[in-house]
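Chains here go by letter, A, B, C and D, matching the order in which they are written, and residues are numbered from 1 within each.
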């Protein structure tokens, strides 16, 4: 198993879109729409499902594949958004995690499901 | 500049959540909600903005930082969803891109903004 | 208590936007973004919350007010989308409910949380 | 043409769900998911579309019907969310519009596409 880097995955996405001449459609608003609509296709799978039913979905190969595909669609648009707008994802993620570490200090956040603004 | 692998980024996310004892809240439905809500915070930045205004946002350091943070939030939950549910993102993305390559053959899709089901 | 009609509520929304000269920004894509982003602000309130915590939110006046405001924001954009694009909401809703009644016959759908395409 | 009141539409939605014994699934989180996922099915129709293409969609009867159905799905869940949680939509909308009128005074908001927090 090879573990690809963000750059390698981004190159796959860039090549796919480049061959199809899709840069012209991939402005920030429409790519953000892409992330949201794909995220909601993922979310839709779990609508009205309880914990047990959700576990069942992951055990059923066709349903698991469906879930993986919708998650991949979200990741596709995240990578594409970053690539088109020169965002280095590793840097952005590290920066955000450091910021969240201050917002959610371990001693306060431990075992808590509060949101940022609720602390 | 080091380019991290998906595994390395996932380890950062897992460590962050592990320290805070958040596994108990991170079921598939709520993580999918996380992806959708963060995607919409990103989308919200571009609401009612035209092409020129969007370009302006990326040039303004504070606005660019805001955009990068929201995108990082989406990636955080994508990585977390994959980690909690044993999804190998690189494999999922490759599989989906191969599938899309068949759905959108270059000769048909080139320069077209049609959706899958419209071809 | 007076119960307003869809038309009366729509007139309120139209007047609010008209006074501010907002027709120019309210194209279908951006209004649909409005519905999605406001829906996700509502959804965000329930992220990681269990049944008991959700009940608690509705009992706490400030939280209830927050929930009502986010729901109102969604309705605002639904009414505005319909008004700008000449959609008669009552007709659209009736038509969709009739269609769903065929998709989800009572005898099959009763007590089932299946989605349309799963029957 | 009769113009229904919010109450009349809500009664239709309540009856539809009641017959199918769906109260058990319609907790606030899953109904908010319903609003978000349906909103994104509407949004998806406009993804990557320019102004002219969007106008074309509304002129094509099958596409217009599709748009109306997705909007109706959003409204369905908005009405259902309100009904299940004892929210009076007319009151909630009036209250929110009054609040927004203060946040967006006509003289400042006129012809501006700024968000609340940007004024």
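Everything that follows uses one rule, which is that a contact is a pair of C-beta atoms (placed from the backbone, for glycine too) under 8 Å apart; a residue touches a chain by one contact, two chains touch by 3 or more.
This structure is a prediction, so every number in the text was calculated from the model and none was measured.
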Interface copy of A-C among B-D, A-D or C-D, judged by whether over half of the contact pairs recur: B-D
Between the pairs B-C and A-B, the one where more C-beta pairs touch: A-B
Computed distance of Cα centres, chain B from chain A, in Å: 3
Averaged-CA centre spacing for the pair chain C and chain B, given as whole angstrom: 26
Set of chain A residues in contact with two or more other chains: 25, 29, 33, 36, 39-40, 43-44, 46-49, 113
Residue ranges of chain D touching chain B (in the complex, touch as defined): 29, 33, 36, 40, 44, 47-49, 53, 113, 115
Chain B-touching residues of chain A, taken from the complex the two chains share: 1-7, 9, 12-13, 16, 19-22, 24-25, 27-29, 32-33, 35-36, 39-40, 42-43, 45-46, 49, 51, 54, 57-58, 67-69, 71-76, 78, 81-82, 85, 87-90, 92-97, 99-101, 104, 106, 109-113
In the complex, chain A residues that touch chain D: 25, 30, 33-34, 36-37, 39-41, 43-44, 46-48
